[in-house]
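Each in structure tokens, the structures are laid out below.
There are two complexes below, and they share subunit A, which is joined by subunit B in the first and by subunit C in the second.
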Partner chain A sequence: MATTIQSSSLDFASIKNNLKTYLQSKEEFKDYNFEASGLSNILDVLAYNTHLNGLTANFALNESFISTAQLRSSLVQLSEAIGYIPDSKTASSGIVKMAMNLSNVVDRENTISIATGYKFTAKVDTRNYTFQTQETLTATDDGAGYYQFKTLDGDEKIPVKEGQAKVRTFIAGDNEENALYIIPDKNMDINTAIVKVFENTSTTSFDTYTSIEKATTISEQSTLYILKEMPNGYYELSFGNGTTLGKTPPAGGKIVVEYLAVNGAAADNALVFEPTSTIKITENVNRTPVVTTYTKSVGGGEKESIESMRKNAPFQYATQNRMVTFADYESLILRNYSTLIKDISSWGGEDNLKPEFGVIFSSIVFENGISEARQAVTKTGIQDLAAQLGVATFDIKFTDPVKTFVETEIFFRFNPALTTLSVNTIQENVRNVVNRYFEDNTGKFNLAFRRSNLLTLVDDVSPAVLSSRAEVKMQQRFAPSLLVEQDHNFKFPVEIASPDDVNFRITSSTFTFKGQSCQVRNQLKSNKLQVVNLSTNKPIVDNVGSYNAAAGEVNIVGLQVDAIVGGGNSIKLSVVPANQSVIRPQREYILEHDQARSTARAVDTDADY
Partner chain B sequence: MAIRRALSREDGNLDSVTFATTANRQNLDIDLAFGARPTTGDVFKKREAEAVKQSVRNLLTTGKFEKPFQPNYGAGLYEFLFELDTVYDGEAIVNNVKEAIRVYEPRVDHKTLEVIPRILTDHNSLQIDIIFRVINSGETVELTTTLNRLR
Partner chain C sequence: MSHLVDRTLIDIGRREPNVREYVVEDALSQHIVESYPKFVSFLKQYFQFEETDSSPSHLIQELFYTRDISQMDLDLLAYVEDELLLGESYFEGFTDKRAAAKYSNTLYRSKGTKYSIQQFFRTFFNIDPDIVYTKRQIFNVGESKIGAESQRYITDDKLYQQYALLVKSELSVSKWRKPYKLFVHPAGMYLGAEVQLVGLVDLDIQNQPNPGVKDIPEFEIESFATMAPRGITSATALFDFNAPDGTGQLFRANLGSESTYPNPGGNDLIDVQDRPISELHGLYSTIGEYLEVDAPTFDEDTDDSGSAMGLSSLETIDQDKFDWVDSDNIANLDELFDSDYNKNL
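Up next, the complex of A and B:
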């Protein structure tokens, strides 16, 4: 939420008090302090008028800046003034495969085509949505009458998009008019728009214009359009000026805009796509293709929110539609794939753990439900985008996000005399506060854990909580193959505490090895890792690796796990950070909270401070 | 008026000190009729008991939520308009008026405050007589206000 600018006092009472203060210095009237007096009534009118003017001035001032505007219409205008086009609604998109078996059809054609816009219905919850293809599909007889449909690129994976196809036709005005063509449809997905310009109304030949967002160069011959949201939520289409900013449609020419009016995220998660019409095979034979779902529908989105515009517009202005710095990569990737990506972190190869020059690294957290296949397609698209917009030739490499869990052990001094709530209730409240802290402050790239902030919240749970402290651990997980020796390497986002003679710095969750309950932990005063029998507290494997405290690395070598105690398929490896006050993840690291291994305990006291 | 009183030696060896026992406070309000004084052109003023009387009248003719940022201000007498006289509740009117004056007009001596509502059946009106004494001057003020339909 944006903070606001306050240009003048808005408090009615203080405005009125200022007027009273003025009257105090005058002799003419005395009754201003009595609310029912005539003078007080007049002061009310004056103060109310001042208050209203102050409000108007504040609203106007706040709506003038991206960082403070509250109305979507204001943010749309301000963003567009710096060249940022807010996202429209986005069509949900699935991938299907289509085939037909025509082995029993005589005189069948060798090649069958399906025109763009072939429709399917798909049900999400209780509502049906229409999906359609976006390009011409062709299938060739494999000799046995089996036809597999493919896209123009020859790919069997056919994308289908949700929405109703709409067409808007305009007649171009005189060049001097600087015409804006209005599309009064708030559900338009501007990414699906196809803009065709005909020389006149009778010709059938046309030029297809492209969005200015995809332009890498602009000249007087460029065929570009700008399609952007208006403050009232509709869309306006405009063209170049006919000279330096690209061609303008000729006067009297016809402009046809085809697009999808979409339902956004509501159409996500459609699993079954049923064709709505048959395909004519021969004069007397019509068949329906067999459709199999490759990925369910995802990526539908609503219009860009005001907070998103507030964050993205200045960054994108800074990038100037070029990929130069790592921040440019983040900004432009988000611009193009915002409905698929929850969070992104990019960094230059020189900042990588193992420096690689000439490389940009990106780590992406995809939205829930995005399949592996869709992620792969998206990454390919990002590489194409980087090739178009990159100023220098940088490779872009993707690394998976690494989750590091945080375990917290909270102790708080509790005086039951200062509250009517039971200790169990307070403990539960503390746990809730801790969980909420992690929900609000972690889970994305570059969000750090700060113990002092957490403990401040714990102290505020109740007056009966007198003070608090917390032990903090980092944790990563590995899924071992059972009954075989394996190596496992871990890199934590910050330094690990050096070994000492009292506390173990590395501990794992429990597993069985040769019929004994064990855990991996470091030997006291040593960075050597051992497998320790938890019953006897004696090591049964003396050396299964080591850890490097300064580098934050743990290397387990030749560990055999026979079974994992407590079910599940992973073992948790917990380490004590060198500095428990703050854990700041960098690059591909993301912090999350392990509620199962976190505790909150009260220590009773009768002290009142 | 001031009275001289002596303090004992044990209380600081003071021979005497002056205590203020009364404060002479002047009531001086603007006349909401906004009539101009012929000689100077200035607006007329209301003084002393007349100022308090105007103030009470303002209070009675203002409804709740009418004044900006003071939702409780007013006696809310207009709420009683269009009530059937069969459900007429004089006590509620008395309470409303007394409570409003108690909170918003401290210049009225509440011990002397009398509120007498009367239905004038022949005129389809409600007349409220209010009698009180002004604290500072001791003057007794009688105020009558009438609620009736305009047409």
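Up next, the complex of A and C:
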């Protein structure tokens, strides 16, 4: 969140009073009566002027820094100053396969092509969106008249992007300094832009320019363009000046910009893509290709928010477009795949649980709906990116995020005399506060749980809540194959409490084994795990593994589960952390709240302290 | 800050001086100026008030310095640090906050190099640590020499491997690990840290106590000898000190060669500079060994009778390689160097 630069005093009455005090301190005016109506009116006018000046100065000062600016236009400019181009809207993208059976068509060509921009409609909720291909597709007769369309790379998986294709044409002026070409479209996806430069308006040959962000080398002959958001939300196109950033379009030349104006995330989750036109096969035969969806549409995004710019621009500046520190990896991966990635954590192999040198680990939480295939393609792209931008030949490896749930058992002293609300209402309010705390403070990498912060919120629920305390557990889950013995290993983000003679440190949710309701728990005063019959409270399997408190590890060995009580396909394994005050996840760990296993209970009291 | 002080006192010469005046008279009608001089004065006082800290308008003055790292207010500089140095809690840690902001770009551009690490420690902690890429200290079979002198280490999974670096500084690693990793550490490399205890000694050479003059005990020259390693002749003398307590001490001093005498004091390169390398190779593994009479040459000082000179065990010249010539009968060094025997070597 933005901070703001506070002005010393922007209160009108204070300003007037300060002005009066100042004037009274001057020999010339010390005997004047500033309360008299005439002079007081003049002071009002002057104080108002001061107030207006102060306010304007304060606004201007705040808008001068990334961390304090309130206006998007200011953040866009300030980010630009440190080399950061905010994300534009991004097209939602799906993958389809297209084929045609032309076995009954005589005189069919051996190869059929579909030009770029072939359109489909797809419905999301109640609204139709237009998707289109981004390259020329070709299909070859397999001998039996079956045509499978492929991309230029020979891939059957064809990406389609949502958006309306638009073209803007400019005539290049004299090679004046700082020539800008304005594209008045706030819905532009700058990643879809294709910039063509023609030597003059009559020629059909052109050079396709490349975005400077994708340039690997720059010389005075480079054909590069810069496309970025302007303060008013439109986009500006510019080129090199013929020396530093490459060629500039010749005076009188034609500049054509083709791009997609997109609807962003609204077009995500489209499942069925219907072609809007037929393809001409022969002079008299037109056919519609059969389209099957490979992945639904995902990755649509809105313009980068000002809070995102505020956070990302300094880190982006710090990378200098090179991957060296762990933060560089996080920043540049996010920069290139922001619409697909919800959160990322990267760390050097030296900090891995099992150190691995010359390696960087990344754990990624993908946006909802990103298919496994799309995730795999993205990871390959990230590895390619690291190969380009890494300064050393370090490998990048991916680790799946590990969710660790937090269970909270809240007890609060409640004096009903201090509120008109019922105990049930207060308990419900406390539960809501707890849930909100976890929504706001966990669910992403590196976000820690702090018990004291939570209890402060609980105490603030009502004056009738006199004090509170919380028991905290961590929990991970496993999905056993039923009726077979299996091993299950867990690594918790922090140390587990040492064995105790009263309290169990490890407990699982209930399952059945040989017809008995059981749970896995540690033997008191021991780190040995047992399967215990919950009816008799006696172990029926004496040793199913152990836990290592200091390492935060639980290893279940040879556990057989016949059925899971309460349905579902997973068993919850809860452990008591050694320090319940704080659980700080590192690396690939993410904390989430298990509301189902969390409680909030009032303890009635008539005390008022 | 107050702007009512003489502006020349706070001007540091980086900007055009502020010579702004309150042109109240010019703004008002002539008859007002003439008829109401108090009002004119009143307005001038108002504009002076505008420059004081009591007026929020004084922020206007700050606008000129908003992005001037050298002169902007330190409170505002913190916001620049947010942009250039990842902000947050690091700002207070910088010893030179303005320099940290000014040279952030240099720091980032050189990221991954030894220079960037050094700059990081300079900027953040004002110290100059030693940065060691320990892969250069790994023992490589067939290349590295065995022994402590070679300072080579067996490869391990920590400091002595391909991807590791060592920072030797006077600060505990706990004080700098977090910002260091965020700003400059190449992810994937092992980070080793050693705390260096560095003390400064004040030699105060000009005020050292006078050590006095020690009586040199009576001595006599027992013998002269020449070492004749394959044609290189070096003269030595065996001194016998007669200590007052009756414990005599023998030691041999190098007197130099024929070419350096009468300026003895050690063998000289002039003695060997024209010798073929193959010849020297059989005698000395280094030039240093040649220059020092008692150089460590795996002495086989087991049979000193061959020399018949009463050599002490301190003498470490390899007796296999030197022929010792008893020159007891030679009265002085001139005679030694002139001796026929010596010339026939």
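By our rule, the second predicted complex is superposed on the first by the 572 of 609 C-alpha atoms of A that agree within 3 Å, B and C clash if a C-alpha of one lies under 4 Å from a C-alpha of the other, contacts with A are read in each partner's own complex, and residues count from 1 in each chain.
Simple rule for what comes next: a contact is a pair of C-beta atoms (placed from the backbone, for glycine too) under 8 Å apart; a residue touches a chain by one contact, two chains touch by 3 or more.
No experiment lies behind these values; they were computed from the predicted model shown.
Residue contacts after overlaying the shared chain place A:Tyr317 against subunit C, while subunit B stays out of touching range. By the document's definition of touching, of the two partners only subunit C reaches A:Thr325; subunit B does not. Once the two structures are overlaid, the count of subunit A residues touched is higher for C than for its counterpart among subunit B and subunit C.
When the two structures are aligned on the shared chain, A:Leu23 is found in touch with subunit C, with no touch to subunit B. Once the two complexes are overlaid on the shared chain, A:Tyr48 sits against subunit B while remaining clear of subunit C.
By the touch criterion stated above, A:Phe394 is placed in contact with subunit C alone, subunit B being left untouched. In the superposition on chain A, A:Asp31 contacts subunit B only, with no contact to subunit C. Within subunit A, the residues touching subunit B in one complex and subunit C in the other are 28-29, 42, 51. Within the complex formed with subunit B, the residues of subunit A that make contact are 12-13, 28-31, 34-39, 41-42, 44, 47-48, 51. Against subunit C, the residues of subunit A that register as touching in their complex are 5, 7-10, 15, 18-19, 21-23, 26, 28-29, 42, 46, 50-51, 53-55, 57-58, 60-61, 64-68, 78, 82, 313-315, 317-320, 322, 324-329, 346-350, 355, 357-360, 391-392, 394.
Against subunit A, in their complex, subunit B makes its touches with residues 25-32, 45-46, 51, 54-56, 58-59, 62, 67-70, 73, 104-107. Residue ranges of subunit C in contact with subunit A, taken from their complex: 38, 41-42, 45-46, 49-50, 52-57, 59-60, 62-63, 66-67, 76, 79-80, 82-87, 104-105, 108-109, 111-112, 157, 161-164, 181-191.
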